[in-house]
Amino acid sequence: MIVVLKQNANEERTKQLITWLKGMGLDIHISKGQYQTVLGLVGDTAKVDMELVESLDIVDSVKRVTERFKCCNRKFHPDDTVVSVGDVKIGGGHFCMIAGPCSVESEEQIVAVARAVKASGANMLRGGAFKPRTSPYDFQGLKGEGIELLKIARQETGLPIVTEIMSVSDLPLFEDVDVLQVGARNMQNFDLLRELGQTGKPILLKRGLANTLKELLMSAEYIMASGNEQVILCERGIRTFDDYTRNTLDLSAVPMLHELSHLPVIVDPSHATGLARLVPPMALAATACGADGLIIEVHNDPIHALCDGAQSLTPEEYDRLAKKVNAVRGAVQ
Amino acid sequence: MIVVLKQNANEERTKQLITWLKGMGLDIHISKGQYQTVLGLVGDTAKVDMELVESLDIVDSVKRVTERFKCCNRKFHPDDTVVSVGDVKIGGGHFCMIAGPCSVESEEQIVAVARAVKASGANMLRGGAFKPRTSPYDFQGLKGEGIELLKIARQETGLPIVTEIMSVSDLPLFEDVDVLQVGARNMQNFDLLRELGQTGKPILLKRGLANTLKELLMSAEYIMASGNEQVILCERGIRTFDDYTRNTLDLSAVPMLHELSHLPVIVDPSHATGLARLVPPMALAATACGADGLIIEVHNDPIHALCDGAQSLTPEEYDRLAKKVNAVRGAVQ
Amino acid sequence: MIVVLKQNANEERTKQLITWLKGMGLDIHISKGQYQTVLGLVGDTAKVDMELVESLDIVDSVKRVTERFKCCNRKFHPDDTVVSVGDVKIGGGHFCMIAGPCSVESEEQIVAVARAVKASGANMLRGGAFKPRTSPYDFQGLKGEGIELLKIARQETGLPIVTEIMSVSDLPLFEDVDVLQVGARNMQNFDLLRELGQTGKPILLKRGLANTLKELLMSAEYIMASGNEQVILCERGIRTFDDYTRNTLDLSAVPMLHELSHLPVIVDPSHATGLARLVPPMALAATACGADGLIIEVHNDPIHALCDGAQSLTPEEYDRLAKKVNAVRGAVQ
Amino acid sequence: MIVVLKQNANEERTKQLITWLKGMGLDIHISKGQYQTVLGLVGDTAKVDMELVESLDIVDSVKRVTERFKCCNRKFHPDDTVVSVGDVKIGGGHFCMIAGPCSVESEEQIVAVARAVKASGANMLRGGAFKPRTSPYDFQGLKGEGIELLKIARQETGLPIVTEIMSVSDLPLFEDVDVLQVGARNMQNFDLLRELGQTGKPILLKRGLANTLKELLMSAEYIMASGNEQVILCERGIRTFDDYTRNTLDLSAVPMLHELSHLPVIVDPSHATGLARLVPPMALAATACGADGLIIEVHNDPIHALCDGAQSLTPEEYDRLAKKVNAVRGAVQ
């Protein structure tokens, strides 16, 4: 960690700061420049509160040399993590196609969609049972009943199931779910992350709308520090000034996360764009830049089908897309 | 609600959409323009999923005419809500000064700070017991013990206490807390909001880092729709490209929230800027544009005192600020 | 255009507004809802100042039904525009590979890079002669001399040349340049755009750091309304809170611009990411989502070569990338 | 300047980098840590291209210890700059009230508004003659004629005049203008800035929509490095995800700019919010946090008056606001 002091920093206070830092067992290298003095902190700097030091009146700025994420840091674990869900593998060259409806609505619906996406090559089934909604007046999902319907679809097709958990208190209902998803709004629900660290189950962790890659990795760290190394990262769009798409899909996060971390990285083009017609091009782009998988909304219900609706693809559109995804994977290898 | 159809929208699908909307009990007014057709939806449009309609391939855009927040909407409740915490009132002309340390650390600390801020005119005490931290390796607060220490400080000074709750499962520990704070990262933790709606206690709801005012009001709506009308809104900075301050304090949110809602609006200049030296000017600015109160960090512990530290003010700085806040309140009335 | 009035809008003022609008030759359809009244404006609404109307105290919001860009709007020109630069075509299925150094430095450098990229399949040469720099103390480019060197490289290789123009007063120096580039910082330098509209030359228009797609199209409109239809749009990253890459490359802009406009859309992954190692994955992603071309920095000078430097690729890296771009093009067709 | 090398950075390349840096006349201090090596660069580092070094594959990150702005840096010029415009002074305790219509429309209009705002205490007159408009189809201002009308208003009232310049080629028309304004879209029109540096006239420099404070100061540096020290900085809102106001007024920029620079800082609440009813609260907030002045739109023309329109205040509203601004100034001194 490097601490840059202000020009003419009060000497007395500078000494106090150095004494305080040494008290944490750190070595301090001091180098005086023309306008400013720089302190180099050597030792276990993870325990130093960077924001506190940065805000001292004698300090100009602070720079961490070593990132604080350890479990998910590629520096310390150079090989790709491969997450296993039954026979399905994600990461380290294994590509994963997760698909299914936005919400689980009925047995007929979820089984029909599961069969369709399986036929197109999907190897995992998604479907919302607990739905985070901005408005308390919107449909909040079938909850426990939705999970039961997902299990039926799994039995019928053999596809492992992925579904979102919103609260620690719902954990018992997810005991037989294969992959637990943490939604963007809960990326920093630290109590939930810690509990999920103790489940031992694969966790699909979505990036928050306004969270940096470092914050995403620190949230993965909450899960991993609790003992669970089965974490899949997911880019799903960030909030910007842009007004044509719902969010801005930040695809450079894919190669950057691969550089910073050994965890697999998948992309959700459905939620990122909010528009079905943008899902195929962005799914292909995600594949081209090295994503380890895609999570895509597919529906077969009449209201959506009515108008090629929403952000969900029809089974036919998904089938065409899946073929192109395979072609792009071949092209970039 | 207004639905603008695309030029040359498929007629069959347009009919299907209209039939589906009528099926929800809505009246549909159709007006055909030169390039586009516009549907006016009349009736209870709150149940229409705007994002779904917007994403249909025949739809260009959708505009809600009536906002979906009802409980907190000034249109339906023109008079200011006044939240009462013991003898302290917030909103409707009542200004509230909440102050205290970032974290509760010891009885000596919290009692000393409570006495100091009371002497300067603060009428509520804040202090973190449960701390949301980006890193699992950072100090997470004294938790239950911290709440007990806050109660001691309340007994010593008579100041009601405000502290953050992060999880539904901790609720029993907060039974004797006066105001429960929902932090920025939990603004859309909908399960928590719903539960807080059943406590009947005043809730201080902070705006999320990347949330619009409408989303903040929809989160207030979760609390209020569960039966609790005692909600205080809090602006605490949003995330932007700006890199000199920690967040960008969005002060125009204060008059805008007053226009949209009858709830009191306070400002947290400490977390917004992250720099003690910016707290006084931004606290005065918040007062000048009509905030109903301020929540400010004040410390008295030696590590901070060492260097005028962090985002917290010393008791002396707070005292000087409190006098100026009063002067500005006089000037703008 | 749709004007939503506020609940209880003053009747007198509403009448005045309607009279004023009718005075512009518009028909006004009035529909009264339960809470609000909506005015539908029919006729040539392009001349109505939307911001002025939106800010009136009786108006809740305004929505344009017809976009204000006409020349570049796909609605009025459904077929793709194909821009021709000598034998090179861009758009409508023609893919364009523009490559070259960040700055033109010497004859040896620019000729060597031009030969290398041509051998890898590039069909246009880029190189900065006038450089926009944040700091007045940074190198500002070789200016007129740089353009002369580009012409030499064109003579040696036959590649048409693309270079940035920053000021109307430099126009005479660009008389023999094939494609004039407008940089992100000048996207709303309206005087420059208007002048470029009179050159008849192909213009490569980069999106500004904080500009919406609509604003980009309105800037294209400045050029086209002055009589020049040869405009190439370029996505090059937007400014967000993200801190790992220099900008956030907004690739969903590619299919969205194709939907809104008939103009060709290319992508600049070098400036967007600022990191050479991110250029290949993002170039492939841009190709996969339908870009009509790529503009990429390639260097051969010793300072960069020293350390595989900067955001520029070496000729060898560019060669490998070009082959993969072709493979991805084949995969997505 | 501090250069942090990557773990296991190639030794050969590290040596080459050090040799290259030494070749610029810099001293290099090397300190090896457990995971990374840090280079401290001592000497005139202003000429080192930080982005180039940062992008080298052996480099983790780079940090400048000394800012690159020199002329406007408070470190080197601790005393406030006071800009003089005739008898009017701005900065160093002198508060400046600039007011006037959005666009100059006629002699009657500009003279009437000038008289009204002068009576309320304004000491400078603003009015747009050249108008930057997103759309080529919008009114672009009266141009040269508008400047002539401003001069008439100056003659009638004695108020110095401020108006926006968009292009170097228009400079002759501005010879008799008192303060030249650079709009947000031109903040990085470097050719224009350089030319304005040679006029010797006071320049009002508005912050760009997506520009950091450092970039604003670097743009001021362009003007000052060309010999003109009369620069007034202006905060006018930045672009964020926020959708209720036109831009997000970043008031913490005011104290932060005062800390970084000795130049005066004023605020434009009219353009920042786009809504007349938000102008008074935000003007008071700007005053409370230490702004050196306000630039506010005031109209008297019938179209606006019709409905209390747009972002402009009526003369009566401006008069009430001016009184409160004075009261707040008294309260915070």
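Lettered A, B, C and D in written order, each chain numbered from 1.
Definition applied: a residue touches a chain if its C-beta (ideal position, glycine included) is under 8 Å from a C-beta of that chain, and two chains touch if they have at least 3 such contacts.
Predicted model, so just to flag it, every value in this text is computed and none were measured.
Colleague: Of the pairs A-D and C-D, which shows more C-beta pairs in contact?
Modeller: The comparison resolves to C-D.
Colleague: By residue number, over half of the contact pairs should agree; on that basis which option among B-D, A-B or B-C is the same interface as A-C?
Modeller: B-D
Colleague: What chain is the most remote from subunit A, judged by the mean position of CA atoms in each chain?
Modeller: Here the answer is chain D, farthest from subunit A.
Colleague: So the centre of each chain is just the mean of its C-alpha atoms; given that, what is the distance between subunit B and subunit D in Å?
Modeller: Here the centre of subunit D sits 31 Å away from the centre of subunit B.
Colleague: Starting from the mean Cα coordinates of subunit C and subunit D, work out the distance between those two points in Å.
Modeller: Whole-Å distance between the two chain centres: 26.
Colleague: Distance from the CA centroid of subunit A to that of subunit D, rounded to the nearest Å?
Modeller: Taking the average C-alpha coordinate of subunit A and of subunit D, the gap between them is 39 Å.
Colleague: Two-or-more-chain contact residues of subunit A, please, as numbers and ranges.
Modeller: In subunit A, 210, 239-241, 277 touch at least two other chains.
Colleague: Where on subunit A is subunit C touching in the complex?
Modeller: Subunit A reaches subunit C through residues 210, 212-214, 238, 240-245, 248-256, 259-260, 272-273, 277-278, 281-282, 284-290, 324, 327-328, 330-332.
Colleague: Inside the complex, what are the residues of subunit B that reach subunit A?
Modeller: So the residues of subunit B in touch with subunit A come to 13, 16-17, 20, 46-47, 49, 51-52, 54-59, 68, 132-138, 166-169, 185-186, 188-191, 194, 208-210, 215, 218, 221-222, 225-226, 239, 246, 274-277, 303-304, 306-311.
Colleague: Would you tell me which residues of subunit C are touching subunit B in their complex?
Modeller: The touching residues are 2, 4, 7, 29, 31, 33-36, 38, 40, 42, 60-61, 63, 65-66, 75, 210, 239-241.
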